[in-house]
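My questions all concern the structure below.
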């Protein structure tokens, strides 16, 4: 039982890490980013390239990949999203527009990856050694990803809830129209949050690349899993993403061990559907959906 | 006078918070009654329970002797309760006439086609929007949106009309027009229950007033008596308004 | 009412646009006339989507290599000795069934290609089969493992099935396990996991039968969904079952993950057999000497110089080595086609007949199809000293004895 | 009124012309028409429900897959028309159950819920096939030609658009607009919101199920990963949104050019298909913000007002 | 001195403000009276940078133009707005709303004192620091909105219909607090329907009609002006 729980927690940690960036992008910048998983995969390829050609280990690779991801997110928001946000003030179509535009972005990034990296499965070995945790052998790379998820989650949570700067970010999520009244530059802050979300996606990608096989077409899988977690946790709620991610990991492992591995994904979606039917706006969502 | 609306021991809890606590009152056929009280005293919650937006935690709401507590809003609407909203709610993608037709088309003896268009035009004329049916609801000014909302409520041919701060936000001139409009409804025998903060209007319109504070009823009676009640002054009106 | 008339107008515009678009799609079908200067060969392959990973290893590189080599030699040789270069028409089926079907229709009826190379995957080959048949093209289905191959070959006379069926592989595996059990190397218990997809199900269904026939106990038998990334629970259960043999009928990402996670869990079955991906070049590159002793489907007779030479050419041209199972079969099928064309020309009927009855000298040696199926296949292989060598069927020439039990994972 | 009749005549002529087209086209042309018509129906049916209610559904492929799978399971056991009927029935029942459970969800919660639903159904079908029947892929050997599939789809397209037309002129259509604008007002004017949504969802889902059932014989071989491919949901949504989900011909006008664009790109740029498609997509969002049909309408308006000015 | 000169504003074809000029001195309280749709809210929005004025308009603070300044920089200049509908952050706590109020840099130095001042003005907020604002009553939310605006250490505070939808007793309480705010030296620019109570705390007033200023006078004079009586006070004071 303890083995199951620990394995599940570690698996869930990765889910949570991936979902947190998306919840920032949707909750604060109000961009439903369908290209999220592609960014993640791109970062995975980047980590792989750094490791296999330059011998830079993925942890150090983070130092290179993350700033680039941040810059990329910052650029994309400025070039692509900003005009849509400005336009939607009149038309109120940001949700549909952002779905369509990021769907396009998804294809572009995927296409670039196909041309650059090809369509093959890619993987490499890094820190694939067992570490004994309470009698359970856990791969060091997974443990690292879990630790990173917890650290990032805790830091973000602290910053968002305990600092003025974090409160301004949440203020945008709560009431973007009122934000300028207290001197918040909504555009800049939303852009920053989007870039931060992109960076989280990239960090998830680097972590995942250490222990999972990936190829250029796999981004959608991550986008959807992250969306499921984000929605289950409650939109824009970091804590929700963390809890929902961990919960999902545990449930998958429990079902795989005690019921039937063939039903793990079914269980995931059942859990998700159940949560939504019970609480229509997610575990930590507001009473009424948006 | 026969009783149209009979509320007994109505109670509503949101989690641990009791918003409405054992409230009972009645509204007679043809009467215009004010439901008063400070913000957060539970007036709108009572209105919401009558119209079906919320189900009561306990208690009974009888319309002409029939229990309607906890029914879905559309069922209650079909039984003859129509309402306006605290913050005016228009259907922005429809024209003014279509806003009214929306109510005509889904009442029990529904109208459709030319009959509905004619009736909508008639109702719009009644509230002072005659000939403006083809405008977009979104383009109306605030007061005209309120008029349209009233026309929509009237379109349902309600036995009971609930007005939630329908007069608020109007300037004194508009207010007078509004009061006249509601008075004319009363004269035609419409039963009206209204939540309002403008005492001038309450005095002019309502024969009777019910006052709530922190979820409970603290006064019920002829308007003049109620507004002079020391408990009401202390909790709601303040000294300046005695 | 102006609004009304505008709506009507729009309706008319809509209809007109729909008709125009429909007419536009009929874009004039170009017929090639005049003297032939090339042989048109077309194919639809998954360049994007879920199947791109598999197609990009086993199928597409071999098409590219073959075309490159043939054109390098001046083109396809015709019966009269002349050579015509290959002109390739390539479509992306985006891993969608409907796209495969339409792409084949397009190749056959609009592009009027001379030959069509098959798509990747069992399902897509089946979706394409009736079309190949209807338009009269021979179909050299390689990446399709199905026990119904004899039935299909009978149904579609010009279809050829090159990779055997699930039973072939599981019976070969059962033979090895029986031998090892009799030799006292392993106990008689087997733990199996399989991916819940056409491939996994075909094999596990066959394996249940083969193992039962051989008297092997199936002590753990579960199926997991496509996309599973964490196999720890299954590995733990398999370890707890006490079986000396662990078998996974898995897809590449699963195979890679299983290999890593088995090391982490220090799970050391005496026989470790996994599915697609064990023979991929990236597998050996990532796992180094840890792959020693791991078994899978396929295999190569490394004493066959032609095969080894093919591997070198592939590595040089594509930039990566071919896999150790399907690639060489794909290449072999193309050589057969090349040879059949050389003997019978561009008459598809004749070429199909030749493929069916002829004997070919290919990279695999002398090849002759039985009932439109390639039967001289390697059904089991094992990593030995950096090569994935063929171990089953053990009575075939070139087979190597399996080295079992597999050594435990190197200490970490 | 005469204009309406004119419209009808035009539509009828158009239908006749479209029905006649296969005789003039080769197999590829028919295939293209077939695929295109399939998406026209999918997008139109999707928009029947999602357009007015603004409930963005990603469950398209759930019903599409149910239809296709039903045909795969029953094609040997029942006559073809009965199989279609059973498929529609199953789609309808699933839609009713799902609708009852989910229509209280709002916004993006509904979007992802419906996506989850499609995946759940796929997983359950897979699990059932693997563990209960022990086979995964199923074969469909029905003697139905591409032309016949196309004609069926064309008929279904006509029915779908006719349903859309009738709804837009009926009280149901008004109810939908009211619900789309403000559900609270809708309920208080006496509209049975749950009932209206459920009815629409069921109609839309049944049509989508039929598309899956009708198209299935084309693939010979069916397995869950093929017929429950989420791309179908995404493409349907994109096509309907592109054309304008709130207009009768909008989804069709989104589906046709987009479908041809996909085809043209994958034929001519198999290696850069994704990049070009993505860039085009982004361009479309920026250039035609409210859908093709709304854009055309704006353009038309401008033309007219210019004409009046001159 | 906050000065507006010839301010015009258009929504599409509709001219919401037509050459509006007004001024408000340091510490002064000014009320703008006018019917719905007269353009009062648009005026406040234009000053706050939330709506774009036509060419030729002028808004200056101490003689320096602030027209065209991004809305989020207006609080930095010392002008705070309490919008119609309050514009509070409903899903944040009272304390967090106030913290955000002190977001402009000019507010940081005096943050602690301001905080104390606000709790002194509205003791109820001190009791409910940790409560989510959306769960509070309308009057309390209005207090949060005013408190938040005051946290930015404004020189001028603009309020759009603060009494809208509030019970009479709450209105009295609110205007009592505004009177005290005024005493701290903040200039108030008030848009109100409740004419009698707003004139009671104002120094001067403007009359607005259909997007133009149609009159200007001291509050005392306006109270007795027959035209104002007729148009806004319904004949007799309520």
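First chain written, first letter: the chains are A, B, C, D and E, and each begins at residue 1.
The rule is short, and it goes like this: a contact is a pair of C-beta atoms (placed from the backbone, for glycine too) under 8 Å apart; a residue touches a chain by one contact, two chains touch by 3 or more.
All of these numbers come straight from a predicted model, not from anything done at the bench.
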Show me the overlap between the contact partners of chain B and those of chain D.
none
Between chain A and chain E, the fewest touch steps amount to 1
On a CA-centroid basis, which chain has its centre farthest from chain E's?
C
Which pair wins on C-beta contacts, B-E or A-C?
A-C
Per the centroid of Cα atoms for each chain, what is the distance between chain D and chain E, given in Å?
52
How many angstrom lie between the CA centroids of chain A and chain C, rounded to a whole number?
34
Can you compute the centre-to-centre distance for chain A and chain D, using the mean CA position of each chain? Integer Å is fine.
31
Approximately how many whole Å separate the CA-defined centres of chain A and chain B?
47
Give me the residue numbers in chain E that touch at least two other chains, ranges are fine.
none
Among the residues of chain C, which ones contact at least 2 other chains?
47-50, 95, 196, 223, 225
Which residues of chain B are in contact with two or more other chains?
none
Full set of chain pairs in contact is A-C, A-D, A-E, B-D, B-E, C-D
Would you pull the chain D residues touching chain B in the complex into a rising list?
171, 174-175, 177-178, 180-182, 184-193
Contact residues on chain A for chain D in the complex?
26, 32, 80, 83-84, 87, 91, 93, 95-97, 99-101, 103-112, 114-115, 220, 224, 227-228, 231, 235, 260, 262-263, 265-266, 269-270, 272-273, 276-277, 280-282, 288-290
What residues on chain D touch chain A, complex-wise?
56, 101-102, 104-109, 112-113, 115-117, 119-120, 123-124, 126-127, 130-131, 230, 234, 238, 241-242, 271-282, 284-286, 289-290
Given the complex with chain E, which residues does chain A contribute to the contact?
164, 167-168, 170-171, 174-175, 177-186, 286
Any idea which chain C residues touch chain A in the complex?
46-50, 52-53, 55-57, 95, 193, 196, 222-225, 227-230, 232-234, 236-237, 252-253, 256-257, 260-261, 263-266, 277, 280, 282, 286-287, 320, 412
